[in-house]
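Per-chain numbering from 1; labels A, B and C assigned in written order.
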Amino acid sequence: MSSSTLQKRRSQLTKGRLPGYAVWVVLGAAVVLAAAVSALVGFNVFAWAVLAAVFFVLGATLVTAAAEGSRKAADSLMTYLVYGSFVIALLPLLSVIWTVLERGLPGLSYDFLFTSMNGVTGAVDNASVENGTPVLGGAYHAIVGTLQITFWATLVSVPIGLLAAVYLVEYGKGGALDRAITFFVDVMTGIPSIVAGLFAAALFALVFGPGTRTGFVASVALSVLMIPVVVRSTEEMLRIVPNELREASYALGVRKWRTILKVVVPTAISGIASGVTLAIARVVGETAPILVTAGFASSINLNVFQGWMSTLPTFIYYQILTPTSPTNIDPSTQRAWAAALILIIMVMLLNVVARLIARAFAPRTSR
Amino acid sequence: MSTTTLTRSDPAGRSGDRVFSAAALGAGVLILAVLFGVALFLILQALPVAGADPAEITGGEGFAAYIFPIVVGTVIAAAIALLLATPLGIGVALFISHYAPRRLAMTFGYVVDLLAAIPSVVYGAWGYAVLAPRLATGYGWLAENLGWIPIFAGPASQTGKTILTAGIVLAVMVLPIITSLSREIFLQTPTLHEEAALAMGATRLEMIRMAVLPFARNGIISAAMLGLGRALGETMAVALVLSGGALTASLIQSGNQTIAAEIALNFPEAFGLRLSELIAAGLVLFVITLVVNIIARWIIGRHKEFSGAN
Amino acid sequence: MSKRIDVKDLNVYYSKFLAVENVNISIEARSVTAFIGPSGCGKSTFLRTLNRMHEVIPGARVEGEVLLDGDDLYDSAVDPVTVRGQIGMVFQRPNPFPTMSIRDNVLAGVKLNNKRISRSDADDLVEKSLSGANLWNEVKDRLGRPGSGLSGGQQQRLCIARAIAVSPQVILMDEPCSALDPISTLAIEDLINELKADYTVVIVTHNMQQAARVSDRTAFFNIAGTGMPGNLIEYADTTTIFNNPVQKSTEDYVSGRFG
């Protein structure tokens, strides 16, 4: 009793707990064991990492079970699984971004950005591979097509989406029609993008004759995908505008439509703008609806109402699936990854812009 | 009847109200019309298939025999995706809502949301160029050692472009959907319930099983359903990653096909009856996803009613 | 400026539910009238029917007449928007428009209605209204700053300035001080005293001392029980209501025995 004050007494509360270093011991053992096992079947970093993770989780759980009991063991097993699932979720993200950067950067150049595929044939690609000269041809036509089709899709869907959201929030009284619109907007967010493409194709085929494929048909298809996103986000933003502001405006003898346009919408504008930007980001990368509505082009088309058109996603798709030169596919692959890089940069920029808008113009609410 | 200051009013303002509310209502109705239009135009364009001679349909045995294998293929691919993504998505959602350090949780949430921002064609290209070749080795091993199980029957595909690879790519694509929805619901768990469980001496796992999961069950189911809807309709990942073919039980051989990929691969060159066939296939896909989404929304609706009481 | 209000046999409904029953009251021009009563007795609901603001709430409707200097607000030819231009309202929580500057908040009633106004007229109107709301000296150097940057009491006076900028006949106030601290409350009460020189003021308040301090006449509303409609119990000079009420329930309420 007297001398035990010098010795560090183990607290009653930490009794039966594993010391902190135990986890590291198990981890080290798991890594070594995994190296040994994977060496037996032919060494490979991936197999080693997977085995080490499995051994660690099993080992640590068993050690915990032995020292601290099954309840603690189950708890720590769950902790490892939850952390592990996050790591696993990161792997494809990192791999995709790494792949696109690694394979896309070499093909990215001024010429790639500002020339089209007009006149670039299999023979041209074969020549550049054989002579070791730079790959010719670029994605200019596809970039232009992407911008045009997205612009028209935005022009169609934003007014419709905004007005529909205004109807739901400001005019809806919770009747059958309102509930139907809310419900079907939700359902519409789940329409497969290719079905939206088929719808636009079928619509224009009935009106303008079969085989009508133009950029605008693609814009209509994208609008079908964009409208529900715009409605949802706008609706959410309008609903958080305090009712007091509407009442203040009404009490000044201001009409409802002016109240909506000049008080409600301006208060929510940052959220609405960021929602619209996210909707654009969502459709800019769509491929399937473009395939069935806009056809494919290798030269620049500035008219969305006439003639076939390419976008970045369809450009990537066709460069991979049907390389320009079937014997030398490397130039096509390089172009595809460079285009993928541009596309990802576009989408990420839109996402960042959306966040910036949301933050910079966040409604200056009172207090 | 005194005409006074009260009965004076500018007619322009009044009609402004009428025009604006009519426009808003019109936009709402237009959305309904578009959805019904989708169904209607697809039906109209698909009609020739109904009257066609079965021998003229691709495969020569009528539309049912044509559509059946690709419906099954679609379901297989989506099922693989869901089987992989649901547990993983719940794990990631729990990590962000209950395990990760609070200050980093938001950032981790953004990172996972980035998965949703990557365009599907890029996933397709990645699956085609990076994932499939890597998995081919693993498929060889599976065929050698587990080949007696029908789904792993050999010979394994040398390129790795199989329905299993497509399913894995789809899983990556639906993961952010499942994660973000479940995360939101986990975060809504009443703190009182969580604290009650912890105060009883429950471990974190026991607290999650007692308070979080029962509360979130409906939400998880509907998140998985929405993920399923996305996986069923996703086109590019499958079109690029799978080298399709006839229906086979083995997941590691080339073969099988999904509706969406079938349409994307064949539509650009299709005309006449083939076009109608593909549109009819699209209609089938539309109906399947519609049903899945309606069920998911219905479950979410019920969840709202229940959680409202808390 | 300033008109009287006569209410005859007014019933207010929320869908089928009768919220306020059979109110008859005459509110004098250029006076301050206070509505007091326990929570849920319908005094705020009734106040809203005086400028048809209750119509913003789905399902709310009235039976009876509300006469503004003899003209019925509920005549079928009357546009509610015109009514609100003549009978302004100030709310429980100060609600300046967050997207507008102080100046634009004052001019909101004019600008939102797209009326043309010259720059000098606008300047005059802003100064006049803000002075009328005892706020001019505090904000004259920062008219371009957002209204939401002001203190709660200043915001509420900004809302009063905004209401008087459209030159109404009557100003309705729905518990205008309940979200404010005592000092801001005093400023608003002083302002109410000044406003009655030009306007008819009707104020709903939970605070009986406030009613006693600011009003000339007081109306006591009560409710027989939950699910029952609210009634006007007694309406008289404020001194009478507080010192010598006729009804037992009024006496119980003003002496603090319930509510």
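Definition applied: contacts are C-beta pairs under 8 Å (C-beta built on N, C-alpha and C of every residue); 3 or more make two chains touch, one makes a residue touch a chain.
Since we're looking at a predicted model, the values are computed, not measured.
Ranked by C-beta contact pairs, the top pair of chains is A-B. Taking the mean of C-alpha positions as each chain's centre, the chain lying farthest from the centre of chain B is C.
We define each chain's centre as the mean of its Cα atoms; on that basis chain A and chain B are separated by 14 Å.
Here the spacing of chain B and chain C, counted between their Cα centres, is 53 Å. With touch defined as above, residues shared between interfaces to two or more other chains in chain A number as follows: 255, 258. Looking at chain B, one finds that residues 13-14 touch two or more other chains. Across the assembly, chain C contributes residues 81-83, 86, 113 that each touch 2 or more other chains. Those residues of chain C lying in contact with chain B across their complex are 68, 70-73, 75, 77-79, 81-83, 86, 113. Residues of chain C touching chain A in their complex: 51, 53, 56, 58, 81-86, 88-91, 93-99, 108-109, 111-114, 146-148, 152, 155, 159, 162-163, 166. Against chain B, in their complex, chain A makes its touches with residues 46, 71-72, 74-75, 78-79, 81-86, 88-90, 92-93, 95-96, 99-100, 103, 159-164, 166-168, 170-172, 177-178, 180-181, 183-196, 198-199, 201-203, 205-206, 210-211, 224, 227-228, 231, 255-258, 260-261, 281, 284-288, 291-292, 295-296, 313, 316-317, 320-321, 333, 336-337, 340, 343-344, 347-348, 351. Within the complex formed with chain C, the chain B residues making contact are 1-2, 4-9, 13-14. Interface residues of chain B facing chain A in the complex, by the touch rule stated above, are 13-14, 16-17, 19-21, 23-32, 34-35, 37-38, 41-42, 44-45, 87-88, 90-92, 94-96, 99-100, 108, 111-112, 114-115, 117-126, 128-131, 134, 172, 175, 179, 203-206, 208, 226, 229-230, 232-236, 239-240, 260, 263-264, 267-268, 271, 275, 278-279, 282, 285-286, 289-290, 292-294, 296-297.
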